[in-house]
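You will see two complexes here that share subunit A, one where it goes with subunit B and one where it goes with subunit C.
Entry: the complex of A and B
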């Protein structure tokens, strides 16, 4: 059996503020297999960002363990290996961009890994092309727009060819088009075998994953396929979450037209369902 | 007499790093005309010049060429009273949590009105009002520490800080980016109330088309630093092909209807409200089933 890429075992975590302990994560356990596409959702303050920072050792558990490819994140000696396996992209690219020229920024991680220059060039080309920023390679990042900067930050991680990409609300500053572009890149990387763990507020993005984990008050309260999770609209609303627009439309249509499948969650599925229902009638035309 | 627009932008241009090899044209002649009490969305692909445009509205940037006139004040005027302008125009940045600098929530929101030299009672009233508007309880939250707030709460504090200045025009850059769905909906409702009841003119930049559809009375679409389309949400979302060509998304409802229309179904593709979109599809299904 394939070994899980990331194992989270009974993870608990707290921040200490003025000698008061504030518990953020409580006894969380889950595994991520190579090639999985997992989305983590939860409202602001539910602990999902803190959880994502545990996955490559930016934060380490107060109790419990996080094991990446056999390495425990508490063993600081293997932190380089862990971070090469699990790359992370944050919400605000400004916190992640270091160089004064786009190309140099993407190269930064590679230089630290001592990649030979010829391969470095190849990887930079790959990464910048993947995020659609090739024509900006000689621009200073601080004159790029928020979305463009985020794409550069993602390229910097892609260049290191990690086994797992963790996105912490990485598309929340992008426009619809920019987000779709990133999601396309992410899906392609996932198709090629890279595991994806994405923390997001966009339910339509969550609908594309193979698995959705819902966090509330630092605990996992739902874990399953998106089609299953998004049928629980009422509970998600109580948790300050929502369901994709496609899902809301499907329900509304079903309420007035019972044959319509109300469990759909993708735009494409709605189109197919309308086509299916309109074609099955012999009296058509 | 016809009503004077509260904001008029004429052929505004802005070039970053002018005269260097990295010269970049952010705005190449944008014009807007916004009346008092309107709620306006500015949309466009990343890099289309939206953020550069709105930074002109409160004088953070001055026109390199073209004109910006806010309630009779010309921003090209060298003797412009910038303090008065900024009191009229409240700008909430893209990550307004970065605007918070005081340790205590109440202090942070009071900073602006306090610096305006208002009497302490008035400052207190304004802080209270602003906090209630954004949905923070004055009694519970005013003495709390700002650093221990969640992203959504910080966003509300920052917005309250701007509201406490009682601006006539509220300009917001991506107001709900990074908020969870409930906080997003709450904030949108607040903004709608501010616009409709307090008559505050709102100009907001957004890439969330659901939010544009919900809030905006009129939309300006920018592409490559120029005006592309303008009109009501129905008019703008009716231009699906133009929007697509310029990499601007539409609400999911419009996407779905557009795809159905392309397949030959008789739907109105710009029925952007959820309820209407569902009705369009139901009508099609009933017709075919007959």
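Entry: the complex of A and C
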């Protein structure tokens, strides 16, 4: 694959509180290629949120480097380009909407990028259509549901035409319905070639990714395809992390019935496996 | 007035700032810059005009504006209602203590320090009328203009101030964000009041004259609300920066407004009206 979109090299970071340094991230290295869907999991205080804020230069490494599309986040002169490439959606739906009308909020980033008004309308249309919020364009944001607000926030990022979308626990304040709305949009964007980096608690979300990174105490301890990661259920349990419900079920069935494939992590995979095995039973008799 | 049970905490219903009544009238369709300028002119002239005749004319105009904008006048009246106590108190104070300022005209009553003249009566009536006119006018303005349009209007009207290094855009952005968060904080306050009330706190149960008591009631709300506001502000800064906002840097404007002939006609009408109010020798 071509040049990586984001390169994190030996990144370390610490907060300074009352002159004592608190190390948050230690020697983290990974790369994200264009079009990848990466999920970062880890329990509270593992540093995953801090890591996500490094990716567009909101925080900069104490040592090591973060390189976005060739630009180092430490060089503040290219910060606007970096943030245009790597868009970020945050946890709280209410706290990231700036304007009093949906459409104007989407325009906010474009105004900052000095996009001419003629092109702006087109981009706003594109972004709102992509998240399915076109009919709400003239609404004030406080009449929207949490999931809708989050979709507006995503549209605000999409309008800037980034190559990568970082979701910093963007679904954690939403109900199941709102979460599914967002995941649908994210999956669609990923299918269209946008790289996604999602920081989350929800294992069902992690199961959809093409790659899962597990962080514990500021270090990467696992990095691989979700199928591989969720096989290590014992280790995840030690880290107080769950595995997707589908994976738990698959393992339970396997414990009773050896032939059942215990490495499955998606609901529909389980259905297929059950169908496959039941058909075999039928032919058996 | 008896409170309807269950609705005392529903603050968002009562907030009229930024309420927009889309009727699509001529006034709604006006260029926001010209609309703001015209309304400012009218308000200033009404605030200065001190004759009965002028103020009656202004009152008629402000009522007419409701008709033209096709907004029910009840909206305007509901704006006047909470102001009535202030208008009354002001009227009484002016009647009793303004005799030195308005000492002209015939003396109607002279008793101790109370000294009522035809001029002080005029002052009282005119101030009350002014109040109503200006509330009507600003209601029509805010009801017929979305907050975005108002902030865009303010921004472009203040643009000349850039030459003296006044941060016009930042100012407009501050107003936008403030307006944006009014309903959010109202909702937040509602939640806090409900949470506190469910743990036995009492709100608004003290009689209205026990001001100290009623102020104390509000503390358990105000302080957490302030705290929440700070953390929201922090989040907002991050979100704004992530969308390439750099304070003080160049930005482009998303909306272009174009003034039409009718807009200029309206502006000219307001200028003429203001001149009439200020310069015409009304007999009363």
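Everything below uses one rule, namely that the second predicted complex is superposed on the first by the 277 of 285 C-alpha atoms of A that agree within 3 Å, B and C clash if a C-alpha of one lies under 4 Å from a C-alpha of the other, contacts with A are read in each partner's own complex, and residues count from 1 in each chain.
What we mean here is this: a contact is a pair of C-beta atoms (placed from the backbone, for glycine too) under 8 Å apart; a residue touches a chain by one contact, two chains touch by 3 or more.
Note that the structure is a prediction, hence the values are computed from the model and not measured.
When the two complexes are overlaid on subunit A, subunit B and subunit C occupy overlapping space and clash.
In the superposed pair of complexes, A:265 makes contact with neither subunit B nor subunit C.
Of the two partner chains placed by superposition, A:207 touches none, neither subunit B nor subunit C. Legend: residue contacts after superposition of the two complexes on their common chain; A:90 is shown touching subunit C, with no touch to subunit B. Subunit A is touched at more residues by one of its partners, and among subunit B and subunit C that partner is B.
By the touch criterion stated above, A:185 is placed in contact with neither subunit B nor subunit C. Residue contacts after overlaying the shared chain place A:197 against neither subunit B nor subunit C.
By the touch criterion defined above, A:112 lies against subunit C but remains apart from subunit B after alignment on the C-alpha atoms of chain A. Contacts of A:278 after superposition: subunit B is touched, whereas subunit C is not reached. Of the two partner chains, neither subunit B nor subunit C is touched by A:127.
Within the superposed three-chain model, A:240 lies in touch with subunit B and out of touch with subunit C [touch as defined at top]. The superposed model built on chain A shows that, among 91-99, 199-207, 235-243 or 271-279, the segment of subunit C colliding with subunit B is 199-207. Residue overlap on subunit A between its contacts with subunit B in one complex and with subunit C in the other: 91-92, 140.
The touching residues of subunit C, when paired with subunit A in their complex, are 12, 18, 146-148, 173, 176-177, 179-180, 183-184, 187, 232, 235-236, 238-246, 249-256.
Listed in rising order, the residues of subunit A touching subunit C in the complex are 53, 56, 58, 79-80, 83-84, 87-88, 90-92, 94-101, 104, 107-117, 120, 140-142, 153, 156-157, 160. Those residues of subunit A whose C-beta lies close enough to touch subunit B in the complex are 17, 22, 42-45, 91-92, 139-140, 143-148, 169, 172-180, 201, 203-204, 237, 240-242, 244-246, 248-249, 252-253, 256-257, 260, 267, 270-271, 274-275, 277-278, 281, 283-284.
Put simply, subunit B touches subunit A in their complex at residues 16-17, 22, 24, 44-47, 51, 94-95, 148, 150-153, 174, 177-184, 207-210, 247-253, 255-256, 259-260, 263, 265, 274-275, 277-278, 281-282, 284-286, 288-290.
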